[in-house]
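Pasting in a structure now, in structure tokens, and then I'll have a few things to ask.
For clarity, chains are labelled A, B, C, D, E and F in written order, and residue numbers in each chain start from 1.
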Amino acid sequence: QVQQELALANATELVNNITDNCFQKCLSNPYSDPQPNCVDQCLNKYLKAWNTVSKTYIARIQDPSTSGEI
Amino acid sequence: NEMVTFLDNETSKQKVQMSIHQFTNTCFRNCVASANSSSLSPQEEQCLANCVNNFLDTKIRVVKGLQHVKE
Amino acid sequence: QVQQELALANATELVNNITDNCFQKCLSNPYSDPQPNCVDQCLNKYLKAWNTVSKTYIARIQDPSTSGEI
Amino acid sequence: NEMVTFLDNETSKQKVQMSIHQFTNTCFRNCVASANSSSLSPQEEQCLANCVNNFLDTKIRVVKGLQHVKE
Amino acid sequence: QVQQELALANATELVNNITDNCFQKCLSNPYSDPQPNCVDQCLNKYLKAWNTVSKTYIARIQDPSTSGEI
Amino acid sequence: NEMVTFLDNETSKQKVQMSIHQFTNTCFRNCVASANSSSLSPQEEQCLANCVNNFLDTKIRVVKGLQHVKE
């Protein structure tokens, strides 16, 4: 139950963050038509950025010389 | 149970209200350049409607794209 | 009771959003005196924008071809 | 009831604190250009005070304006 | 207990706001190395700004001609 | 108590997840200029890693600085 709620909270957070970022990056002119390809590319790029950030952050947490301070 | 139905209705009405607040906040920022008049120009009106529709289209595409990634 | 709390939450959200937006649009130079007319015009413009956004969003929700996805 | 009074006081003290956090966050962003010194210049000090006062004036005007709209 | 939780909430809010602001002001180029001196100066400047904002805001709250409206 | 341990673990896992969401949101904004391709360039990868490390270094310095102020 707790795990399900957390998974839902994470999915909602991810959808909202990707939508905000990709809306801004793909639609600098709000008059123009949406560009579906741009949103797909942006989504893939965001997921790759998520992996890079995740790896970097977890490496810092696990580094015994600094982990206590984070 | 009537109480549960009442609360469910209130919750979803509230979600719609909160989405309208969020869209107005974002789209006003993007579409309205200055506050030198009380009315919206036709361009500002159009920009606001496009902003909402484009944001919803982006969100639908993101949700579909994420489902595709999972499979 | 529930309805009253929701109405209060909505009013607070509206006041805060209008204040943030109209503070930014009317006081680009924070050294200058406040311009009450600008705030009044901005407030009226914001309420009109709220109506436009509301109409557009509700039209999308009620459109049977896309409403399931929103 | 003393517990209720105690909690009410804590809640309003907490609201004041949170407003100060929010104003400092917004006005520091608007008024402080660089962090090349530990002190605030007289212009930055003045800008911060104006920023708080202008924000409060804007909020009072918005609340009054909305009451006027409702009537 | 209540006071402890509020003090913790305030400290967390302060740390997060200073980190956000000083990260942006000190690291305009995210490729560059961190500049510890800049962060220390920025932190001190932020605390001084906090005092100025606090004094101004509390003066307004205590001014009987406007306090009812805030 | 096993339930407490389970909940504590879930809470700290959740905090890590939320930090990763927040960092990705901030650093993507700062490091990724356009969405004209599905891959990250080596510069973008490096910028993202630096962004996370610099943000953590800033936070550690701020926490230490505040402790110093208090004493």
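For the reader, a short list of remarks on this structure follows.
What we mean here is this: a contact is a pair of C-beta atoms (placed from the backbone, for glycine too) under 8 Å apart; a residue touches a chain by one contact, two chains touch by 3 or more.
For clarity, every value in this text was computed on a predicted model and none was experimentally measured.
Contacts with chain D and chain E are shared by no chain at all. Centroid to centroid, with C-alpha atoms defining each point, chain A and chain C lie 27 Å apart. Centre-to-centre, using mean CA coordinates, chain B is 11 Å away from chain C. Averaged C-alpha coordinates put the centre of chain A at 31 Å from the centre of chain D.
Note on chain placement: the centre of chain A and the centre of chain B lie 20 Å apart, centres being C-alpha means.
Taken residue by residue, chain E touches two or more other chains at 14, 22, 26, 39-40, 44, whereas all remaining positions touch fewer. Chain contacts: chain F has residues 27, 31, 51, 59, 63 touching two or more partner chains.
The ring of chains, read from chain A with the first step to chain F, runs A, F, E, D, C, B.
For chain E in complex with chain F, the touching residues are 11, 14-15, 18-19, 22-23, 26-27, 30-31, 34, 36, 39-40, 43-44, 47. Of all the residues in chain A, the ones that touch chain F in their complex are 2-3, 6, 9-10, 13-14, 17, 20-22, 25-26, 38-42, 44-46, 48-50, 52-54, 56-58, 60-61, 66, 69-70. Partner chain E is touched in their complex by these residues of chain D: 6-7, 10, 13-14, 16-21, 23-25, 27-29, 31-32, 34-40, 44-45, 48-49, 52-53, 56, 59-60, 63-64. Contacts from chain D toward chain C in the complex involve residues 27, 30-31, 43, 46-47, 50-51, 53-55, 57-59, 61-63, 65-66, 69.
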